[in-house]
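Single-structure report; data block below.
Lettered A, B and C in written order, each chain numbered from 1.
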Amino acid sequence: MPGFLGLVRRDLQLALHHSGDTALVLAFFVLTVVLFPFGIGPEPDVLARVAPGILWVAALLAALLSLDRMFLPDYEDGSLDLIVLSRLPLGLAALAKIVAHWISSGLPLALISPALAVVVDLEPGAMPILVISLLLGTPTLSLIGGVAAALTLGARRQGVLLSLLVLPLYVPPLVFGAGAIEAQETGGDPRADLLLLAALLAAALALAPWAAAAAVRQATE
Amino acid sequence: MRPVLPDLIGEDLACRRGERLIFSGLGFRLPAGGALVLSGTNGSGKSSLLRLLAGFLPAASGRLMWGTQPVAADLAGHHARLHYVGHADALKPALTPREQLGFWSALRGLSRRQAAAAVEAAIAAFALEPVADWPCRWLSAGQRRRVAMARLLAAPAPLWLLDEPLTALDEASQAGLQAIVVAHRDGGGRVVVATHAPLAVAGARRLVLDDYHPRRAREPVLPI
Amino acid sequence: MLSRFANPARFVRVSAALLPWCAGVSIALILLGLYLALIASPPDYQQGEAVRIMYVHVPSAWMALNVYLFVAAASAVALVWRHPLAEVAARAAAPIGACFTFVCLTTGSLWGRPMWGTWWVWDARLTSVLVLFFLYLGYIALVNGFDDPARGSRAGSLLAVVGVVNLPIIKFSVDWWNTLHQPASVLRLGKPTIALSMLAPLLVMASGFTVLFVTLLLIRMRTDLKQRRIRALQLDRLTPAPAPPHTESGLPARPVAAREGI
């Protein structure tokens, strides 16, 4: 795999130079979660009941926010042409970009989520499940999002289109992710949901990079 | 004695962008060491032909061959033997020319040591030493163009496809580029240049794309 | 083999002959179905007259799913064989499918009012159809989201294939979510045991809807081809060159012979 790690490293290097983007994603996550108690009311019981859903929906929307940056800059400045021409198979190149995107958006979201779980009164025992579910679920969001981001390259109003495309596809990770936390909270077994999340990740890992590659090929035609 | 390299051959090529047929019936033969200069009015399809030659977009009809092999049969192999320098410079404002040249040459399959040596040679050939460690956002348009061209030397490839290579280059750089193209061709490399400017390429074949304008050749509404 | 059917001129000719028959059959079937559904069939012993909504709701639900499968299959053909009519078919079918989906959601909501006492229940089936509706909307938005219609069609084809792979996963996750959050006490639509007097109108309506789909699809595909023709003619007028002679089918002749290479 010549260049796979090199491509990941370059994208991370660029993400570091534009670290404001990651900060924006995290800020959006925090703000969305913080807004909920104002809408629902501060009763701990009520908040704890809806906390898994709030945390997962907020993380999902935050991950959505940075999706358009995955391929668009490279598409606009011509780098994507050169990536297509490189020795690296295009599916792996797409995977490299998706991995870099996840490290600079999904991973930080999962890591700061416990702090926000406190804000919405999530039961402390469910905290590890929250982090695990996000660690398993956000890569799937990045993988599916990568396909949609590549499909919408060159479209008018890419941002809105992107949200519309991924919305139905994000339902399964959301169901299993929030379901795992809720199972733990209500004394059930979160393992089934977590395993389903892992299965989604495995399937997305196998299929999404090639779909994204096909979409990139269309975009550079 | 060099081994005999296959020719790059276009036969009856047609190109469609969107629903518009841009050119049709275009043919050429480009042997090793040869050069092809594409000229024509704006919109006559110079850039499209270059992208077609690079294998980005399939021909609407006709065939592109590497010797007796259709290019479409081994697209990855075709990509590996060419360099494409388009309108866009593909430079990241935050990274330095040295970083980016090293990255692209690694992505072309060069080992770390080979890449480092090739990058130094490319930087020297395009006189980029003074700016090699500046972030690209500090570079002028001409310097950025030279960095984009330096990719040609940062990893070897026999076929160069250059889209308006002289844009923004000063006279010294233009002369430098021409010398590099001559050296490339002397080594058996071949080059296709799309340009308005009169680029002195010795012995180049000239292809005027307006001659292939599909005046009476409006194809069926659907590509069949 | 494929290219024989890919010929738009042939399609225009064949579809012109088929269209009146399809339209007639679909009208006849739907009228017969409505008669059976509204007059000839008995009211349900539990649901009363409200059960008659089923004869529109359930066939639309079937069509919603089947049309999506059709779009995905046509898209796959377009991607693999670059079959131009398949692309036209996929793009033409999607809005029809979206309409069936919308009818299914609306009638489901109307049916829910007397049955559940509310306009919307997060029932597993209804929720799956809602997600399917969003899949349709995404596809239609993507296809129309580009300045170059050809690029939109190709991106749409890829999305339809991605969507159809996800469809069973979404369905499974919605069922999982539903059993997790709601005891299965709500009325299941389309029970497996169903009286023959109710099955007959249901099947007649379903076949009527299917033929209606074919009719609308042919009309939309013909319109699409004609629009392309108009755009091509406009382009031709803007091209400063003598216009080519038109063939009888209305589609232009093959291009001029190849030139000599230099």
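Here, a contact is a pair of C-beta atoms (placed from the backbone, for glycine too) under 8 Å apart; a residue touches a chain by one contact, two chains touch by 3 or more.
Please read all numbers here as calculations on a predicted model, not as lab measurements.
Engineer: When contacts are scored as defined above, which chain pair ends up with more C-beta pairs, A-B or B-C?
Structural biologist: B-C
Engineer: Of all the chains, which has the CA centre nearest the overall CA centre?
Structural biologist: That would be chain A.
Engineer: Roughly how far is chain A from chain C, centre to centre by C-alpha average, rounded to an integer in Å?
Structural biologist: So the centroids are 31 Å from each other.
Engineer: Using mean C-alpha positions as chain centres, tell me how far chain A is from chain B in Å, no decimals.
Structural biologist: That pair's centroid distance is 37 Å.
Engineer: From the mean C-alpha coordinate of chain B to that of chain C, what's the distance rounded to whole Å?
Structural biologist: Result: the chain centres lie 45 Å from each other.
Engineer: In chain A, what residues contact two or more other chains?
Structural biologist: Chain A, residues with two or more chain partners: 221.
Engineer: So which bits of chain B are touching at least two other chains?
Structural biologist: Correct list: empty.
Engineer: Which parts of chain C, given as residue numbers and ranges, touch two or more other chains?
Structural biologist: Answer for chain C, listing residues that touch two or more other chains: 151.
Engineer: What residues of chain B sit close enough to touch chain A in their complex?
Structural biologist: Interface residues on chain B, with respect to chain A: 51, 54, 56-58, 76, 79-80, 82-84, 86-92, 94-95, 99, 103-104, 106-109, 151.
Engineer: Mind pulling up the chain A residues that touch chain C in the complex?
Structural biologist: Interface residues on chain A, with respect to chain C: 147, 151-152, 154-157, 161, 164-165, 167-169, 171-172, 175-176, 179, 182, 196, 200, 203, 207, 211, 214-215, 218, 221.
Engineer: Okay, in this complex, where on chain C does chain B touch?
Structural biologist: Those residues of chain C that touch chain B are 3, 6-8, 82, 84-85, 88, 148-151, 225, 228-229, 231-232, 235-236, 239, 241-242, 244, 251-252, 254-262.
Engineer: Mind pulling up the chain C residues that touch chain A in the complex?
Structural biologist: 79, 131-132, 134-135, 137-138, 141-142, 145-147, 151-152, 154-155, 158-159, 161-163, 165-166, 169-170, 172-174, 176-177, 180
Engineer: Quick one: in the complex, what on chain B touches chain C?
Structural biologist: Going by the criterion above, the answer is residues 9-12, 14, 17-21, 24-29, 61-62, 205, 207, 211-224.
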